[in-house]
């Protein structure tokens, strides 16, 4: 039930202005540079390639929203961890049943995030430190589980990575995540989460079970990380212990590009998704230019500049609101 | 399967081989390109940070492409670089396919991650050529030196050189990359045959001299153990050499892979060792891949999935011929086999169903 | 009046490390009564409220609310107890509606917004006196509306027990009356209302009973008829501290005719307020009073160079040249010798992770800088000692963290920070907030000494009593402008109060009168 | 790093006695001592001049790279541009020298560019507070991208630059470098000098004190006329300068320009700061603590290498160590005590 008020809230939410604006600009630019993206195959490929990033960004969204500066640095390696254990421990031991594989991915993600949440809540160490530690531990453990890329995804998953149809199972993963988020958004949990992130003391004294909210936020994030790992496994049809780490910075960047505040309270699935799609579009757009030898460097520079620019515009838009 | 169709002389090259390298018949035996020449080629490299990649790209842009243009075979080359991110490489390759390239050369990528994308390209009529490394997809054509055989040969050489006993440091490339892993595996197997040789350490040089130098330095500094020889992959031996020079230890034999810089040190210290190895000469390997690509596009029908070349030892005389006495120990170049010394057309012809000179295609 | 006991505390004690906030607290409140909790600053009132709300757990003793134990705010919600805490807790990034209903439901239950919106809109309109857009972000609203949101949040819960910890402190008269009406309504419905307040007039009007806390001990409970100022004061303050301070101040000769050291012309606290002028004679103590939100706070900040006043100029006489210079920024203030002390020490005063020494000395570093910004340390120790002695700051080791001090002593350190620069004007923005009487007296004495030596003081306070016998002049703000200047005989409770409510010279203010009017 | 959580830290160290104040330092020392003893017992040759020299050399690079991270952490920021500036400097210096600039001029140019990137970091991100780390990441990308484009003009590679490294630079930071004839590389001395100077500056200058003030309470600092903008800009500039310096010194160590040399410093600098005991939330800690953190981290790594642990295992162990370390001295107060 996306009521009129909810719609009003979305349109009122200035933090979406910049990502939405950037999205339109990028879309126009991509359309101008070549229509490859707007074909069935182009879109299918885009969904295939962008989904792991969208889902990792979604995975840190509830955690960041819960406040305390809880940027989850561990999310990339966590996705990698699910990926390599899936390939080595499950498929490697002949367990390929879809239910088992999906349950493993989702369960492992949620379990790891549960541990992190418990440490944050009961050991009371700042979340960024806990997740930095998670990042280092998992980055190491991933390479211990699987020393080099390899293995094969379960047979039923191989076709997922073909990316020849827009309506692929990967899209289903994405829609599944959106559905979970949509359901949560309709419950008090979502409001409690936002309020906890916006002012934890207020939420606590008003009778919000902030610890429960934080735990759930982490576990939902973990579930999304599991889904991200599935889509990533589908993308590369194998295991790779090294790539996960790079997703952390990308996801945090996408989150910020999506207008979320790393200090909590502000942000949401829509913004995060836009942010991640924008990241994909930037990279897509830059690939359409033939910069030859320096292509990687131009990409890197342009990407940095777009990041800086959109952050600055964001500040401008948001500070305008507080003045108004 | 594919290799059986090769003449016996070539089949020997495939005797020692990484078991993961696909040896079946090529999917492109009866391949006809979407259209005739000139073709548009995509080069999806995964990295651009080292001299070796630079030399390979240089071979494309400043040698192969101009020549192909002149012959009316290739109209342009689109280059992308993914900074070792598989997802990005996948997207770039798909983009190339969607934008209508006629063939894609990929470089030294993850052995499995790109398989779905390669299939996607195949279905769009775009063959994918994996240069200097293999991928396991049946729809790719791999072209490289036989890194397993090379690893074995270089390890055996080193073992002999240090008297079949002692401590060896293994300097690997990028763990997880096809050629790197093939090399390491075979090298370790070869060394395992010498009971008195121990591998005392394993570091990753990432095929980049600076990285190799730092890693070896760190190893030497924190491990007081004796090191009697260093087995390193190619394209990083100069870093290893410099690390040894800096450590203040006595120089030990190091395997050379063709970097002109390290070769220069050898030229100035001819007593040091007695052989180097062309293991992945960037320009020659690229030329090999390029010619395989042209032949495939010309419909010559490759017989095998993987075109492997034997690793070629070279002597100090070859080095003397290639670089001057006052050579540069910081050179970024490579000592490479002669133009037709790596994949001569007479041999190449044996790998194709309907061989012809790739540079002078019969009008279609 | 129902006699059912709803809140009961028996022999409760609570210590924070060394500090014994509550030593022996016995308390009972009944259904259908308004029960006041009074006591000096730091006597443990807020601690008591937090214990009842389940935020804090008592070290010893027993607390029952409506017959149940309350161990957390979630429990409190369940049994029907709601607390409005001293601090205004509002989430800026969330809508008004979300702020009103935060924590109302469990973690999951789905949201039902229909009825709630109507209910919220109605109550908020009744409290604020005009309708408020429920969908706008709370962050964009003024503080007074935020305070109402917090009150509305509590009232919407229809609590059986409602605790208000100094919630009326920030409300103007009109608003206070609306709040009282709301409290009356709840009382009539049989709820227990506990109010913590320092406003004696308010107490006298609304409370049915009052329990007095002194140093963490409940010293007694007064019935409606016994609640008088004398009774309250005599129970709140130990006899030895009760001696009038007025005698000490009486001797000071008035300094209002001295040359002006600071003038402000054409100021206004906000865009629409009437412009006013202000002047400060050398050696005088000028009090600044006003209900919350009347512009006195912005005024004193503008004098300190923290914010820009709407239009107008602030000029200060420079010691060296004896000319008037404009003061537009903090730097100007520093060079012209104008120091500012905030009462909000937690937010804009202390550096919590730093030592006591550092917290005091940082005020003077800039004056002692050698080349390259190097601090000349040797001069600092004597300076520190001088201030500590002068202000009688009770400290252990100077290298202890400032947070190891009691609130009053923290405040003294901040005042020391202002004094250490030898300023010619000191601006104090409600410095005695949360400061006990002994400390206050030390502070008054030092300020008087300072004034006698030719310094000038502007002293903003929310407690009228502070001005009496202390200030040479009291400037009262109302409606964003300087409403009246009181001197001499007029510096007394009734005239100041009248002026604060925007009344003419003689009208006395009485809550009951206002209500019937 | 995040301003809204600043207040959670306040209670953490309430009522601190001097002992408590130096808790993180004493724990750091204990840990270091334990590691050294363990190393001596378990790894032959661990306690040797060579090993000490190599630990100090590696620590010096990490220590120099962590200067900026420490200062940033003190105001609650994180600087993620450090690895990129290091990498950029590492390839820019040789390519400027190849282009004909005399070494000292080239070094100054690189240093100034590092400062420029840092200053823009600070100036642009000071309003962002919580988002500052992404701003620094973006600028880092932009800077290293630009440098790589510059270095690849006319050559084939941007990631690596080959040029003869001058002997004196090599001597500065190579294992076999000599400091006035003494058998250790001068970079260790450079680090020691910078550490001592920084420690002194932090305690004895207006800049140092205002830095702590801004980190402790932005508003209170503003009331004292301390410009938060200036502080952010200056510390980020210092961070840029130190990263550039580290990048240039690493050139002498690795023998050639390679843009990836900075990569390991992305999270290790943060880890060193955290292990040392500087709060990432601002206001408490200092470079002395970071020095300790750097030494603990380097000795630990060396010990783990000596024990034959692979790189991944080392990383996991370091990660596992962080939470207990921080839990000993920097737990946040329970929310009950924050109302």
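Each chain gets a letter, A, B, C and D, in the order it is written, and its residues are counted from 1.
Everything that follows uses one rule, which is that contacts are C-beta pairs under 8 Å (C-beta built on N, C-alpha and C of every residue); 3 or more make two chains touch, one makes a residue touch a chain.
Everything numeric in this text was worked out from a predicted model, so none of it was measured.
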item: Farthest chain (mean CA position) relative to chain C; value: B
item: Between A-D and C-D, the pair with more C-beta contacts; value: A-D
item: Separation of mean Cα positions, chain D and chain C [Å, integer]; value: 44
item: Chain A and chain D: spacing of chain centres that average the CA atoms, whole Å; value: 29
item: Gap in Å, rounded to a whole number, between the CA centres of chain B and chain A; value: 36
item: Inter-centroid spacing, chain C versus chain B (mean Cα positions, whole Å); value: 76
item: Residues within chain B bordering two or more other chains; value: 48, 54, 57
item: Where chain A touches two or more other chains at once, by residue number; value: 201, 204-205, 261, 293, 296, 299-300
item: Contacts with 2+ other chains: residues of chain C; value: 55, 85
item: Each pair of chains that touches, named by its two labels; value: A-B, A-C, A-D, B-D, C-D
item: Interface residues, chain C side, partner chain D - complex; value: 17-18, 50, 55-57, 85, 87, 306, 330-331, 333-334, 340, 342, 347-354, 358, 362-363, 365-366, 369, 372-375, 377, 397, 399-401, 403-404
item: Interface residues, chain C side, partner chain A - complex; value: 53, 55, 73-74, 76-77, 83, 85, 89-95, 98-99, 101-111, 113, 135-137, 139-140, 153
item: Sites on chain A touched by chain C in the complex; value: 3, 5, 8-9, 12, 186-189, 191-192, 194-195, 197-199, 201-209, 212-213, 216, 261, 265-266, 321-322, 324
item: Chain D residues touching chain C - in the complex, by the definition given at the top; value: 9-11, 13-18, 21, 204-207, 209, 212-213, 215-217, 219-225, 283-284, 336-337, 339
item: Chain D residues touching chain B - in the complex, by the definition given at the top; value: 44-45, 48, 50-51, 53-55, 57-58, 155-160, 162-164, 170, 174-176, 253-261, 302, 305-306
